[in-house]
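One structure coming up, written as structure tokens, with questions to follow.
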Amino acid sequence: MENDIKKIEIITDSTLQSRLVKVIDDTGVSGYTILKDVAGKGLKGDKDGHGISGGFKNCYIMICCDEHEAHKVVDAVKPIINTFGGICIVSDAHWVIHN
Amino acid sequence: MENDIKKIEIITDSTLQSRLVKVIDDTGVSGYTILKDVAGKGLKGDKDGHGISGGFKNCYIMICCDEHEAHKVVDAVKPIINTFGGICIVSDAHWVIHN
Amino acid sequence: MENDIKKIEIITDSTLQSRLVKVIDDTGVSGYTILKDVAGKGLKGDKDGHGISGGFKNCYIMICCDEHEAHKVVDAVKPIINTFGGICIVSDAHWVIHN
Amino acid sequence: MDLSHLLHNFLAPPVPFFFVGLLAILAKSDLEIPSQISKFISLYLLMAIGFKGGVELHHSGISSQVIIILFVSIIMALVVPVYSFYILRRKLDVANAAALAASFGSVSAVTFITASNILQTSGISYGGEMVAAMALMESPSIIIGVIMYRKLAAKKEETIGEHEHMGMKELFREAFLNGSIVVLLGSLLIGLLSNEKGMEIMQPFTGGIFKGMLSFFLLDMGVVAGKRISAIRQAGWFLVGFGILMPLINAGIGIGLSCLMGLDQGNSFMFTVLLASASYIAVPAAMRIAVPDANPGIYVPVALAITFPFNIIAGLPLYYWVLQCIHA
Amino acid sequence: MDLSHLLHNFLAPPVPFFFVGLLAILAKSDLEIPSQISKFISLYLLMAIGFKGGVELHHSGISSQVIIILFVSIIMALVVPVYSFYILRRKLDVANAAALAASFGSVSAVTFITASNILQTSGISYGGEMVAAMALMESPSIIIGVIMYRKLAAKKEETIGEHEHMGMKELFREAFLNGSIVVLLGSLLIGLLSNEKGMEIMQPFTGGIFKGMLSFFLLDMGVVAGKRISAIRQAGWFLVGFGILMPLINAGIGIGLSCLMGLDQGNSFMFTVLLASASYIAVPAAMRIAVPDANPGIYVPVALAITFPFNIIAGLPLYYWVLQCIHA
Amino acid sequence: MDLSHLLHNFLAPPVPFFFVGLLAILAKSDLEIPSQISKFISLYLLMAIGFKGGVELHHSGISSQVIIILFVSIIMALVVPVYSFYILRRKLDVANAAALAASFGSVSAVTFITASNILQTSGISYGGEMVAAMALMESPSIIIGVIMYRKLAAKKEETIGEHEHMGMKELFREAFLNGSIVVLLGSLLIGLLSNEKGMEIMQPFTGGIFKGMLSFFLLDMGVVAGKRISAIRQAGWFLVGFGILMPLINAGIGIGLSCLMGLDQGNSFMFTVLLASASYIAVPAAMRIAVPDANPGIYVPVALAITFPFNIIAGLPLYYWVLQCIHA
């Protein structure tokens, strides 16, 4: 299948979503996908995604881009994740369709 | 680990969900997974996933299948994505369990 | 990019979520991510994710870990998926950031 | 109130909203009620009906008749799944027969609520003990269904790994402590303990907007029934027949038992409806795990897309009419 | 009620909640209404307004004036998008012009409801036929918009694969059977068929909490308008002007037609509001598929972040005032 | 109303629903309120309480006592976190002490609302200025908490990259413009500006169904408290003690200050409750970012699963009783 791309996945606290989106936008990637209601568990404890108390929900952001852009995104995201927690992983994929 | 498979991920406007599901069903794959409340940004602008105005939400469809089926799915999905926008990516994975 | 990891993805009936989380917790992995409102179709029929009737919704659980842990998770999860249905796939990824 | 008056009731909200939802889906509309809203309204309805039932019970007190009703209700919840199972076994395998039998042994809260709505418009009252009976009838059939499945599908079980096998303790928890039952019983208890002030205070919520919320829920039920209806064709005529005849048989038994217990018209009607209705919420959720090799694509549509609409459209007026003839 | 009284109305709920939402977003607050809640309240509002309209229509009966109103409404829903399209073509390409024209040919239910609220506080009534008119005006412009797009953007279409091309049947379904219209029409019909009892029963839901729910929805509208407002800058002055002048022109036409049809003050006002408002729900959802090369980042913000607030703030009081002068 | 009467209040809705939720979770029920519904009801409660407060304030006018109350409230919101911090530092590190101190300096809207419910059943009124005080007390402690953290955890900060460090401007926005505060203040303002008609119109929404919605929310609070309770064991006895003693100390100070300010019984009670309650919504959300190395698994459960239930069960009746003795 066609072009090789990198798929970057970021999962961290919801309160960071707007901040992450801003730095990702700045790298000039063509798009990203966001899930807002994400539960989970990590080094900072349980996130049961509950609606009552603030700060117990994650967001998930996925970006498909070429390797060069991927480095830019990772560099932009790294300091945020390092400070506030969460994970960022990268894997290989292929564009099939994108217009 | 066990069998090699292809993992196809499609992200596009929610209004296309039923149309996509139909063509995917027709390829005869054994299953798929759908997320309905997906936000993001792409060539067609911001989708903030808001509930008030129509047409600002994405759906995400994921299909695990063998390479042969993957070609069928991609062929079925391609014209829709080409016409209406969105992305479709493929990556490698392995079945661990599936019954 | 940095460390190689395995990304395990499990999709099965929502009613199994707490059971799966328990066995995954027991393997000692550092974290996992959960999506609660997942629709789809598989061998056990359509899950339209509807809120009225019980038992028509999936959950999605994703775990990033090293290969050794991945084996433990798969072993823990396998009997549950074998009995109750659903899928479990593994793919390769890389930690970029994790603290 | 004569039959024409009763039929007229079906043109007034909430019932016709069911048909709006159903027809929308059959006409391929994209109408969809968000899933969290369904869950919210369903919890709301349980809270309201539970609270009102508790208040009624507080007024009436717990007489010996109340005890008898509750006792008979539990017995029926244990017996119905047994004979249902043997009827179903003629065409279905053990797992599916057990799951569907459990569904018919349990109750449908929305059918109950719609029935209570008919009584209210007719100016007939029923006792809070009927709500208690509903709460008590939700779960026993789950246990019975699972026991029959385990006893009679011995080979199947071997394939289920030791530690996957749901223990009896877990099964009881699943059956008796699911969210719906907890909210229903909790609200019943709170209603029972409330003083007059508590009741007045809750009235606009549990009473005022109740019909509207029920209308909304029935709209949603119509949508879901419409979506499940295609599964009926696969299910075949045996199950369609079962989904219609079984409520009639159980209603007959219910009417008979009501007479034996000497219930008044309101209580008789509600008791009959409890027997005639089938669960599509609590039972399927429990069966997914407890009877994993049953096919929910079979047992849910029968309860949801056949028995529920049948009861709403034809069953309730019929049971009402029969009981009225008896009590006239 | 004089103008000062009317302006006073804008300080009482529900309208000021729109500004709370708008200002919150402009001040970069994180205020957000969950999306399923928006959907729920929007369905609720349609159900309530539809039901109340049906009840009104039940009372008034279907006179020849009702038929005339409905007929003129449909005609206008077909005509408005045509001239809007040609105005828009001066600056926009065919796809975007068609999509935006369809939006202005259709209606905004929330603007309609806010207008009905003003009438209610002023003690003026309007007929249930206006709700029917609203339901009938939602969809025709979608068809007109798509036809113009297909006729006039011939080359584009070639790029759309044969089987992707939405058939006329599918288009009609999309236009006439979207969830909002089904709920609105269904509730209208149920209101029409309800007896007095049905109306009383629904009152706390469709009447009592209505203003509060509308307040909540307007809060949400403010949030969304605030989020879309930045898109306006990209849209440029032509579209800002269009978003303000078009409702004024259409309102003028509406006032003229109301006089010709001899409508009373209430009906004139509601008819004018229908013409002056633009759709940001049903139309954009349909246009995403039917006119895939139009940019929703353009046509939605014009309807949602310009025309809607303009109508709420300045348009409604203005139309009200003009009609009051005429009818005084 | 004597103490037994007061205790009786705890058997009437809404409070007992908290225990239904709590016990359900402790018994391992799967009861769960969908998260968007929680968010909706929480916004609803803020809108209703804000609007009612505004209306009260509109009636009473802004007297010099109102100014004094607001002033003292802000001062306390700045002072409480400081001494709380030094108490907490005996066992906690700077980050966790600052986050938890901020929580106690701020307020819990649901505790406030439950308290207002007790007053209402007792026929005692309180002024709209108390709602304004609540709004003003939400945020200052966030700023104080962050300042203490930054001053006293100097080394930590170095590890936080330059551009990750939240600027003071961003911090103020986070603290003063979060959605809850905006809705509360906006509704207060709208209530303040509303004429009589606006109030009547909103009554079924902000008044009628209020208790029911609060019941639903307390059910949810019970569920969440139940889920967080296991975290308490890890937190240790020091924090359990803090979560119980701190509200008592702050309530004592509140009662003292009320006497000094010469507040009537209703206002004294509400002021005391504001001091005694701790935030588990606005503050944790802000702390996640502003004090990233504090552990929300510690500071949230103390406020949510200890202080909140303590106040609901024992605190409110106690403060009420003491104030009644004083005012008798």
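Letters A, B, C, D, E and F mark the chains as written, and numbering starts fresh at 1 in each.
Rule of thumb we're sticking to: contacts are C-beta pairs under 8 Å (C-beta built on N, C-alpha and C of every residue); 3 or more make two chains touch, one makes a residue touch a chain.
Here the structure is a predicted model, which is why all the values come from computation and not from measurement.
Asks: Suppose you hop from chain A to any chain it touches, then on again the same way; how many hops at least until you reach chain D?
Replies: Tracing touching chains, the least step count from chain A to chain D comes to 2.
Asks: Copies chain B and chain C touch; is their interface built from the same residue numbers (over half shared) or different ones?
Replies: Chain B vs chain C: different; shared/all numbers falls short of half.
Asks: Look at all chain centres (mean of CA atoms) and spot the one farthest from the centre of chain C.
Replies: Relative to chain C, the chain with the farthest C-alpha centre is E.
Asks: From the C-alpha centre of chain A to that of chain E, how far is it in Å?
Replies: Centres of chain A and chain E (C-alpha means) sit 37 Å apart.
Asks: Where the CA atoms of chain A average out and where those of chain C average out, how many Å apart are those spots?
Replies: Centre separation, chain A to chain C: 19 Å.
Asks: Based only on mean CA positions, could you tell me how far chain D sits from chain E in angstrom?
Replies: For chain D versus chain E, the centre distance works out to 40 Å.
Asks: Specify, in ascending order, the residues of chain A that touch 2 or more different other chains.
Replies: 35, 37, 49, 51, 82, 85, 91-92
Asks: Can you pull out the residues of chain D that are in contact with at least two other chains?
Replies: In chain D, residues 30, 33-37, 39, 204, 208-209 touch at least two other chains, as defined above.
Asks: What does chain F use to touch chain E in their complex?
Replies: 34-37, 39-40, 43-44, 47, 51, 173, 177-179, 182-183, 186-187, 189-190, 193-195, 197-198, 201-202, 204-206, 208-209
Asks: Over in the complex, which chain C residues touch chain D? Could you list them?
Replies: That would be residues 13, 15-16, 19, 37, 44-46, 48-57, 79-80, 82-85 of chain C.
Asks: For the complex, which residues does chain F have touching chain A?
Replies: Its residues touching chain A are 33-39, 42, 159-161, 163-164, 220-221, 224, 227-228, 231, 280-289, 292, 295-297, 300, 304.
Asks: Mind pulling up the chain D residues that touch chain E in the complex?
Replies: For this pair, the touching residues of chain D are 8, 11-13, 16-17, 20, 24, 27-37, 121, 204, 207-209, 211-213, 215-216, 219.
Asks: Tell me, which parts of chain B touch chain C in their complex?
Replies: 1, 5, 7, 25, 30-37, 64, 91-99
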